[in-house]
Amino acid sequence: MTLTQQAPAPHIHPRAESPQTADQAVLIVHGRDRTGIVAAISAVLGRHGANIVSLDQYSDNPHGGAFFQRTVFGRADLKAALPAIEADLRAELAGGFELEYTLRDLSAPKRVAIFASKTDHCLLDLLWRHRRGELPINIAMVISNHAHSADEVRSFGIPFFHVPSQGADKSAAEAQHLQLLTGNVDFIVLARYMQILSADFIERVGVPIINIHHSFLPAFIGADPYAKAAHRGVKLVGATAHYVTEDLDEGPIIEQDVVRVNHAHTVAELRRRGADVERDVLSRAVLWHAEDRVIRHGNHTIVFQ
Amino acid sequence: MTLTQQAPAPHIHPRAESPQTADQAVLIVHGRDRTGIVAAISAVLGRHGANIVSLDQYSDNPHGGAFFQRTVFGRADLKAALPAIEADLRAELAGGFELEYTLRDLSAPKRVAIFASKTDHCLLDLLWRHRRGELPINIAMVISNHAHSADEVRSFGIPFFHVPSQGADKSAAEAQHLQLLTGNVDFIVLARYMQILSADFIERVGVPIINIHHSFLPAFIGADPYAKAAHRGVKLVGATAHYVTEDLDEGPIIEQDVVRVNHAHTVAELRRRGADVERDVLSRAVLWHAEDRVIRHGNHTIVFQ
Amino acid sequence: MTLTQQAPAPHIHPRAESPQTADQAVLIVHGRDRTGIVAAISAVLGRHGANIVSLDQYSDNPHGGAFFQRTVFGRADLKAALPAIEADLRAELAGGFELEYTLRDLSAPKRVAIFASKTDHCLLDLLWRHRRGELPINIAMVISNHAHSADEVRSFGIPFFHVPSQGADKSAAEAQHLQLLTGNVDFIVLARYMQILSADFIERVGVPIINIHHSFLPAFIGADPYAKAAHRGVKLVGATAHYVTEDLDEGPIIEQDVVRVNHAHTVAELRRRGADVERDVLSRAVLWHAEDRVIRHGNHTIVFQ
Amino acid sequence: MTLTQQAPAPHIHPRAESPQTADQAVLIVHGRDRTGIVAAISAVLGRHGANIVSLDQYSDNPHGGAFFQRTVFGRADLKAALPAIEADLRAELAGGFELEYTLRDLSAPKRVAIFASKTDHCLLDLLWRHRRGELPINIAMVISNHAHSADEVRSFGIPFFHVPSQGADKSAAEAQHLQLLTGNVDFIVLARYMQILSADFIERVGVPIINIHHSFLPAFIGADPYAKAAHRGVKLVGATAHYVTEDLDEGPIIEQDVVRVNHAHTVAELRRRGADVERDVLSRAVLWHAEDRVIRHGNHTIVFQ
């Protein structure tokens, strides 16, 4: 059965040149699916005169599976109205729903710390993109276990902290990291940071950590994967951006991409092309995380692009 | 301000192996944006005990721009409940909103006629994919101005009609087309159909028509574009699937893709690779149209993937 | 130092519509690199009045590394001249060079057997590309452990042999395979053939075997990799075409590609999209092998596209 | 007929980590195809004890079409031997062949001037790739009609010249350009330089000029193409790098690529993603030109990757 009701065609408004985020907030709701969640949330927003700018919803199984909703909404004087909206949402969702939610004023960009080591292509790409206005983030600091990028980072007006981290015992370095980070950042980006973070650090720092990692089909385990990939003659090299969990390089994937290579490429050229993919994939992951487009669920992610 | 309320983590349900469409419907709503549309629709669905399976919403400008929403919902005994849901939606949306909507029971696939000519790669690809269960469509008939595919099409159990169409005057052929099509199909796919459809036919047939067209960067106008592309040395050849309007090949774009070529490829090889892209792009456009994922708006489309 | 000598600009010949292979041969030379190989080969061809149509050469290390050359050449009455050319090459290369070579008349396409099981997307794609004239091969037979594709295959005019292969002991089936294949084919394509070939069979059949395999970043080992990939939330699914060696799925890679997926895709949809990549990648691998564009070397390949 | 002669399998040398260019030269030969060119060139190189590192050859029609060959060769004390090799080549090729050639010592990178305007993403990407050792070029200077990048460019140790260019009459600016460039550069890169170069300038400067240009399927002519592309709802935005000729944006294409976009992207986001493709495509075009991998022929290019 198809039923169609005609209405006057809407006037075509040109797409806005840039999203107006001054009076907008993003609401993420995530939990067990059941009838009525979308209606309940929409009703709350409607009661407060908020207009829904975009809404993405996904359910992995409508019969009691997991429910995910990202809603961007706006209204005049949003900042003043947010506490009442939040209280209303809390009351509405607390009732019968098993849901967790996050509500964030989009006028305040997330604060990030970038960790880097010697290889600086991902670090510089993020600094550039930020300066060009591509990334709605506030880069609070860059932390590196090498000092050589200090001048370059500071020329972007961003604090640089050199925290050496040699030997197996990372506790001194991690203590210094925690001192610098605690209360100052909303997430961390490992931009080719070549040191392993301890499970204790990951737990204590308490904010999401995004890592970028080379990827191949098939995977090559252990040291010097590009040399192994060249030896096997792979035709694609790639990169994966993922959240860091205790299981190194096994966390939920945010984004992936590949680039074509051939037999004539040296190992150095594979690395070079891999680096291009790494910076592109990492910048997309950072953008989507900054815009609350990524929801973690079990060991995978829902990405509302 | 970030406010987070914790809730018990939902049990992780595996993603369903295939979408359950037996008791599901899709609702497309499209019109002028204003506060409260999502809430109003959700409330109607909630009142009828329907569960929202997926919801995509997009507004091209929250301040009075155009509003688009695709909602898939389900409930037991959907078929029996649909008329009441529809009446309720009509009443709710008629009030203050300038909206048009389409409501469709997903258990009844859309009926399609495929038009083809001599080149059969797009036609065969659609027939195969349909046989493999990839396309939720009901292929009502194949119409061709060449007879040579008749046996092959009929071996798929699909009616084949040969309607010759020579000379400038297409009125006899189009009259025959209208006789075959009227009341029998919900949309038409031009699978490399090499005849021009008259504006009169497009209007009288009254259903959406999807076409597939080669594409280059830059475009090459006129006859033998692949030879021109080879002469200019393009490095990519592509294809565009779009809705047919009176302006030939200028209608709203549904999907595009490209494939890499090089100087050593002959014109025949460019065509061959172009054909691969054509069939992939056309099959995606047909799938998305069949699932009501494409909303036309002015001269472009909103595609909820 | 840059030295340029001007010459009359050559008249621009349009690229030939299709390669003229009636009087052409392909020569593959492969061995230890040293000074003078290209010159020696060119001199032989020149003495026999052969014109070089295309020449690709690659050395993985000019100081005693491995040398690879693919040369397509033509002359009138090629067939009559080939034995003398071959004798001359043998004499020239036998001298001081450590090289092996293959010389093949391009007017005689390679003969291939396609192995298939229940899943037929790769099989049908090859049959259909062959019918469209895209693949310069002679499909001698299709062998399957399921009977259900028999009519379809035979409708293409190609012999179909049903060789059941149940249980752990494949020796009876493999004996039948060898009887069908020996002397009749130049290579074998496993088009989603779901049976494992024994090392003994691979050795006794004595011709190259090409397999197609799903691929992910990262790889997922064992049963039901698409379900594992969905659980991890991969954003790309891919396929790898490779030569079969004793180490299952570890042989030299010929070609790879990927397609983008997202969180909303069911496991069935991942398989469907994976199938699209599989057929594209396999058809490219078969084409390149048929044209002698792929040279195996250790565990990787040189592909002259 | 297939004849195979077995030889001892060559020892597998690992691929060199980076190409050894200290004692290597590149020879480009281009002209009318006829029998014996490859042999003649190889013989000359062999007489001088030069080893061929890589050889790519292409003929667009073996029966008197156009012939293209790129050869990289090496020997000890190359610099001292080059004049004799060149004299020998000249004598050999002058005879009966209608060919032009270019011979270049690879130890001396090409000198380039980069032209830029306000938008600096392509400029910065080239400077930064150069610093990372990815581009074998010598950046002699950056010329801009805006002063604002001066400090940033000079921080890379590269001279920056501000040459204003307002109004329709570019003759004063172009005179200054010629003064700066003449004798100092081997090619020019327009890295989003937004001024039109006169035909007179192009002729007088006498070196190849590479430009980067946004590209769409279909093309959008005139001002603000990204807005037009958004209005038409394109699903891909791309970029084309080409040689500059008198016909603006119509010169031979070197490289192209695209990136996927969707209906939710603002015009600003289309530009941002287009910028990513532009810098990638331009850097590949510059690399290939710097390595003499691109041969212009009529209005297209042969690219030996």
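By written order: A, B, C and D. Residues from 1 in each chain.
FYI, a contact is a pair of C-beta atoms (placed from the backbone, for glycine too) under 8 Å apart; a residue touches a chain by one contact, two chains touch by 3 or more.
As the structure is a prediction and not an experimental result, all values here were calculated from the model.
Ranking all chains by how far their C-alpha centres lie from the centre of chain B, first place goes to D. More C-beta pairs touch across one of B-C and B-D than the other; that pair is B-D. Where the sister copies chain A and chain B meet, the same residue numbers recur on both sides for over half of the interface positions.
Separation between the centroids of chain A and chain B, computed from CA atoms only, is 32 Å. Centroids built from CA atoms put chain C at 37 Å from chain B. Chain B and chain D have Cα centroids lying 42 Å from one another. The multi-chain contact residues of chain A, meaning those touching 2 or more other chains, are 14-16, 54, 58, 230-231, 262, 264, 298, 305. Chain contact topology: the protein chains form a complete graph, every chain touching every other one. Within the complex, the chain C residues that touch chain B are 14-19, 54, 121, 124, 128, 132, 134, 155, 227, 230-231, 262, 264, 266-268, 272, 276, 280, 305. By the touch rule above, chain D contacts chain C in their complex via residues 1-8, 10-16, 20, 30-39, 42-43, 45-46, 49-67, 69, 74, 79, 82-83, 86, 90, 93-94, 97-105, 108, 186, 260, 297-298.
Note for the complex: chain B touches chain D at residues 58, 215-219, 230-236, 238, 240, 252-258, 262-264, 298-303, 305.
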